[in-house]
Amino acid sequence: MGEFDFSVWGPSLPFIRDGLLFTLRLTLVAMTGGIVIGTLLALARLSPIVPLARIAGAYVDLMRSIPLVLVILWFFLVIPFLTGAPVGAETSAIITFTAFEAAFYCEIMRSGIQSVPRGQVNAAFALGLGQAQTMIHVILPQAVRNMLPVLLTQTIVLFQDTSLVYAIGAKDMLKAADVVGKNYNRPVEMIVLSALIYFAICFSLSLAVKQLQKRVAIVR
Amino acid sequence: MIKIQNVSKWYGHTQVLKDCGTHVAKGEVVVVCGPSGSGKSTLIKCVNGLEPFTQGTITVDGISVGDPKTDLPKLRARVGMVFQHFELFPHMSVVQNLALAQVKVLGRSPDEAAARGIALLDRVGLRAHASKFPGQLSGGQQQRVAIARALAMDPICLLFDEPTSALDPEMIGEVLDVMVELAQEGMTMMVVTHEMGFARKVAKRVVFMDHGEIVEDAPVAQFFEAPASERAKTFLARILHH
Amino acid sequence: MNYHWNFGIFLEQVKSGDETYLDWLITGLGWTLAVSLTAWLLALCIGIAVGALRTTPSRLLALLATAWVELFRNIPLLVQMFLWFFVVPEFLPRDWSLWVKQDMPAKEFVTAALCLGFFTSARVAEQVRAGVGSLPRGQRDASLALGFTLPQTYRHVILPQALRIVIPPLTSEFMNVFKNSSVAFAIGVLELTFQARQMQEDSEQGIETYLAVTLLYFICAFAANRGMAWIEAKSRVPGLIARTG
Amino acid sequence: QETGTLKKVKDNGSITLGIRESSYPLSYLDDKQQPVGYHIDVCNRIVDAVKAQLKLPALKLQHQAVTSQNRIPLVANGTVDLECGSTTNNEARQKQVAFAPTTFVTNVRMAVKKASGITGLAQLGGKPVATTTGTTSVQLMRAHEKGKGIDFKEVYGKDHADAFLMLETDRAVAFVMDDNLLAGLIVSSKSPADYAIVGEVLNVEPIAIMLRRDDPAFKKLVDAAVIGLMKSGELDKLYTRWFLSPIPPKNVSMNFPMSEQLKKLIKAPSDAPAESFNKK
Amino acid sequence: MIKIQNVSKWYGHTQVLKDCGTHVAKGEVVVVCGPSGSGKSTLIKCVNGLEPFTQGTITVDGISVGDPKTDLPKLRARVGMVFQHFELFPHMSVVQNLALAQVKVLGRSPDEAAARGIALLDRVGLRAHASKFPGQLSGGQQQRVAIARALAMDPICLLFDEPTSALDPEMIGEVLDVMVELAQEGMTMMVVTHEMGFARKVAKRVVFMDHGEIVEDAPVAQFFEAPASERAKTFLARILHH
C-alpha cells in the first residue's frame, strides 16, 4: 500500500462517535448487570446449599470455557426460540454480555468475599448481626473495596471485547471504523485509528484504576 | 451465668474438644489457658454459638446455646466478644464501628447509638479518635475500640480470645488496664489469655486446657502455687521461664 | 423451528474434495492447538520476565516492563492481529517486507502465535507481578541477607513462590489462550473458527457446525483447566495452605 | 387470514430486512453507513407489495446486518424476514430456506494486478492466491479442469476487503471471488486502473433474495413482486442504476454490463439452484 | 566488629534514623529496644545493607557497607540475620533451606552443604524434622531452623530482628535458649528484642531508640537500674508492667 493517507480520519469521526457511544453503553450496562448478577452468583457458589452452589459453578465454568464470540452467536440464534420473538442485535448483545460477564465478575466477587478474614464474620455474628446483615454491612463492602482494581480491569477487558459484536452485526466502534475503511478503501488507516482510540481509552482507564486503588484501599 | 457441660466437638475424625465442663458465675472472671491448639478458642466460640458443638450443653443466662430453637443473633447481641486480631470493620470509622450493631440489632436510633459510642470511647480514652478509621490506630488503640464496641451492646458478659497476644509489648498494658477495670466493676468475663499477671490480679479461677481437654479447673492461687497435673506444671514453667 | 437438522453431516464428504467435514474440523483443532500452545509458551516466558522486572528496584527496567504491559493489554486482540499482519511489514525494508508477505514459511501461523503470545504475556505479567507483590517483603530480605544476588533471589526464592500463588489466575489465562486463538482466523490461520466458517458455507448446516466447534473449544479449555490443576497439585507444598482466589 | 411471515409482520407492525455490509453493489453501506444497493432496492419493492397486501402503509422497515455465517440461521429463527444480500441459491441451502427468483448471476473469476501479466489459472503455480474465509473458491479452482495439478498457496482474508488488501499489498497475486464483488472492490480501490478481472469462469452462481422455507403465502407474494419487476422492465432500470451508473460512496460506475444468463432469467424467471445451472 | 557512625535515613520527607551511632565489638551481645516505629528494624537492616541509608558510615569487619564499590552479597553472606517472621523459604524442605545458600553462594557441594545443615539442625534439636517443610513446623521450631540457616553460612556475626515476638508464649523459651547458648559461645550478636530477661542474662549493652534516635546506649545493669532518659523510664515501666 506504500504511503498512508490519514485524511480519511476526518469524515469517519461522526461514525466513530456513534459506534463509541454504543460501545460505552454496552460496556456500562453489561458491567452494572454483570456485577449485580455476578455477586448473586458468587453468593450462590459460596452458599452451603450444595445444589445451588453446583448450578452456579456449572454456569460459571461453562461461560468461561467458550469463546465469547460463540456465546454471542449462540444467544443471538437461540434467544428467539426461547422468547418466541426475535430480538434486535443490540438487545441480544446486552443480554449476552451481561450473562457472560456475570460469570467473570462472579469469580472476582467470590475471591473478594473470601479475601475478607474469617474473623470479620465472627465479629459481626458476635455482635448479633444476622447472615444477611453481615453480608451487606460487613463482607460485601470490604470485598468490593478489595476487588475494585480487578473489577475495573475486567471492565477494561469487557470494553475491548465489545468489538466482537461484529458477529451479530451490531454497530460498535470497530465496526464503524471498518465500514469507513471499506468505503474509502483505507482499511489500514482506520484500523490504526481504532487501535489509537482503544489504547487511549483503556490506558486512561487503567491509570484511573491505579489512582482509585490508592484512594479506596482499606488501611489495615 | 455461663454453664458448660460435657461439651465435645469433632472436626471430621479429630476431636478438638473432649467432654469439657466448667462455669462462670455472675460477676466472676475466669481465665482459660493452655498450649497452642489445645482448643481454647474453639471452646470460647462455642459459648456464643460461633462454633457449633457436637455433644453436651452450654447455657448462657439460662438460655441453651445448642438448642436449634434458640435465636442465636439475639443471644449473641447480649454476649460481648473481643478477638485476638481486633476484627474492627476496616471500612468504617471508629464511631460507625460502635454504632452499626446498636442500630441494626438493638434498633437504637443512629444518634443515640453514636452518643453511646462516644461515651464508651471516652471511657477507654479514645474520644479524640472517634472519626478515624481502624487502620489509622495502633494495635492497642484498636483493641480498646473493640472492647468499647462490645460494651456498646450492654452485654451481660464478655468473652475474650487472647486479646493481647497480637499486640506490641508496650501496648499490652493499656488493654489490660481496661480489662482490669471492667473486672473490678463486676463484669462477668471469660478470658483466654497467657497474661498470668492479669490472671493473678483479677481472676477467680483458671481453666487449663490441653489436647481439647480441661485438665485443670482451679482457684487462681492454687493453680499457680500447686498445679495438680504434670502438664500444667510444664506449661507454667515454659511460659514463666523468661 | 424451521431448520433442517443433519447431525450426520460430519461424516459426509466436502463438496469439492475427498475429505469429510470431520477431517476439516480435526485440521482446525490441530492448528488451534498449535497456535495456542506456542503462544502460551511465549506468553509464559515473556510474562514471567516482564512481571518480575516490574518488581525490581531498577526504575528503568520497571518502566520498560510497564510500557510493554500497557501497550499489549490496552488494544483489542483482533485489532492487534490486524496490525501485526498488515501494518508492521509495511515498515520493513522493501525486500524484507516482500519476503515476510510472500515467502516466510507459515507466516499466518507465526504472526498469530506471536501476536497472541505478546497479548497474553501482558496479562501473565500482571498476574506474576501481583504474585510477587503478595509475598512478604521479608522473603526478599531473607534471601539477600544470605548473600544471594538479586537475580538469584528471584530465581530461587521469589519466583518459585510467586508462580505457585498465581497458578489459579494463570489457569484462567491458559483457558483464555484457547478461546482467544479463535481470532487468528482473521488473518487466515486454518484453525477451528476458520474451518467452522468454511464448513458452514460448504455444508449449509451452520448450527451443527457451531455446536461441534463450541464443544471442541470447551474441551480444549477444560483440558487446559485440568492440566493446570494437575500442575497445581504437583507443585503444592506440604504445610503451606493454598491461598484462595 | 394471514399465516407465517405475513401474520408475523402484521402482528409486529414491522418487517426486517437482512443486509450485507460489503456486497458491492448488491447490498452494502454507503458513506452515511446506510444500506443501499441493487438488492436493497429490489427488497424495498417487495416490501411495498407486502404493505399493499396487508393494507399497512405504515409498516415499519428494520435492517439487520448479517454475515455469511449467520444469515441462514437468522432467517430460520425469524430474526430476518427477507435476506437482501448476495446469497447463492444452491441445493444445500434449499433444505434450509427458500429463494425468490434469481435476480443476479455471478461468475467466479479472479482479480489480478495488470502488471503481473497473469491471465489464467495455469500461471498461478506456486503463487499465493487470496480468497475470503468461509468461501469455497479455492475448492472451485482445484475442481476446475485447468486448475488440476497446479499447487496454489492459499491465503485468506476474514472478509472481501481484507482479501483484496492481500492482493493490493502483494501478499497474493490473485483474488478469486464473485466477479461483481471484484469489480466493486476494484472500482473503490486507490488505483482502479491497476487491476483486471481475468481468467476462466470457475463457477456460475444464481444470486437471489432469501426467505423462510415452507411459507407458501409469503413466497407467492415475493415471487409475484419480483416477477412483476422483471416483466415491467423495472428490474432493468435498477440494474442500470447500480451496475452502469455512478454509485456511492465514490460516485464512479462499475461498468458491469448484464450477463446473457441474467437476461435469459429475466425473460424466464426461475428459482432453480446453482446445480441445475452449471449442468453443461 | 560492627561500627555505626552518624547514620541518618529519610523516607521522602520523614527522617526515620537520626544521626545514629553505636558499635558491637567481637564476641559482644548488644540489645536494641524501643517503642514500635522507633527505627530499630531500619537500623539493623542498614547493617547488612538491606536498607540503604542517606548519611553516615557503617563498617562490618572493616568493610564499609554504604560504599558503592562493596560487594554487598559477599558481605551479607558473612553476616547472619534472623527475622521476626522466620522467613524460611516455604517451598523448600528444612534441609534444602539450610543448603541452598551454602551451595549457590559459598559454592559448597550439595552433599557437604546438606551434612553441615544436618549437623546444625542437630544442634538446635530438630534433626528429626530435616525433610519436613516449614509450614509443617511450629513457630518456635521454624525460628530455630532460621537460626540454623544463618549459622550454616559460618557468619562472623548475627543480627536478630525481634526473633521471638511472633511466637506463642510457650515457644519463646526454646528460641531464647538457643540464642543464649550462642551468646555464651562467644558469637557477636546485635539483637532487637523486648525480652528483657534475655538482655539481662547475656547482653553487654542496651541501645534504646525512640523516634529514630539512639536515646540511650548503656551497659545492661545501668540501663535497667538507672535509665538516664525519661523516655527510657516510661518505656521500661510499660513493658515490665504486667
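Per-chain numbering from 1; labels A, B, C, D and E assigned in written order.
The definition used in the following text is that a contact is a pair of C-beta atoms (placed from the backbone, for glycine too) under 8 Å apart; a residue touches a chain by one contact, two chains touch by 3 or more.
Just so it is clear, the model here is predicted, and its values are computed rather than measured.
Visitor: If you apply the touch rule, which chains end up adjacent to both chain B and chain C?
Guide: A, E
Visitor: Tell me the fewest steps from chain D to chain E, where a step is a jump to a chain it touches.
Guide: Minimum step count, chain D to chain E: 2.
Visitor: Using only Cα atoms to place each chain's centre, name the chain farthest from chain E.
Guide: So the farthest one, by centre of C-alpha atoms, is D.
Visitor: As a quick test, compute the distance in whole Å between the mean CA positions of chain B and chain D.
Guide: Centres of chain B and chain D (C-alpha means) sit 80 Å apart.
Visitor: Please compute the C-alpha centroid of chain C, do the same for chain E, then give the distance between them in whole Å.
Guide: 46
Visitor: Could you work out how far the Cα centre of chain C sits from that of chain D, in whole Å?
Guide: About 37 Å separates the centre of chain C from that of chain D.
Visitor: Counting in whole Å, what is the centre-to-centre distance of chain A and chain C, each centre being its mean C-alpha position?
Guide: Comparing mean C-alpha positions, chain C is 20 Å from chain A.
Visitor: Please output the residue numbers of chain D that touch at least 2 other chains, ranges allowed.
Guide: 69-70, 73, 77-78, 162, 165, 169
Visitor: Mind pulling the residue numbers of chain C that touch at least two other chains?
Guide: In chain C, 1, 86, 90, 207 touch at least two other chains.
Visitor: What are all the chain pairs that meet the touch criterion?
Guide: Every pair of chains in contact is listed here: A-B, A-C, A-D, B-E, C-D, C-E.
Visitor: With touch defined as at the start, can you tell me which chain A residues reach chain D in the complex?
Guide: Listed in rising order, the residues are 1, 11, 15, 73, 76-77, 80-81, 85-89, 166-171, 176, 179-185, 187-188.
Visitor: Quick one: which bits of chain D touch chain A in the complex? Just the residue numbers, please.
Guide: Its residues touching chain A are 12, 16, 21-22, 29-31, 33, 62, 64-67, 69-70, 73-74, 77-80, 161-162, 165, 168-169, 188-190, 249.
Visitor: Using the touch definition from the top, list the residues of chain B that touch chain E in their complex.
Guide: Residue positions touching the partner: 35-36, 138, 165, 168-173, 176, 194-195, 197-198, 235, 238-239, 241-242.
Visitor: Write out the stretch or stretches of chain B touching chain A in their complex.
Guide: Per the touch definition, chain B meets chain A at residues 45, 48, 50, 72-81, 83, 85, 87-91, 100-101, 104-106, 133-136, 149-150, 153, 159.
Visitor: Along chain A, where are the residues that touch chain C in the complex?
Guide: 1-2, 62, 64-70, 73-74, 77, 81, 107, 110-112, 114-115, 153, 156, 160-161, 163-164, 174, 187-188, 191-192, 194-195, 198-199, 202-203, 206
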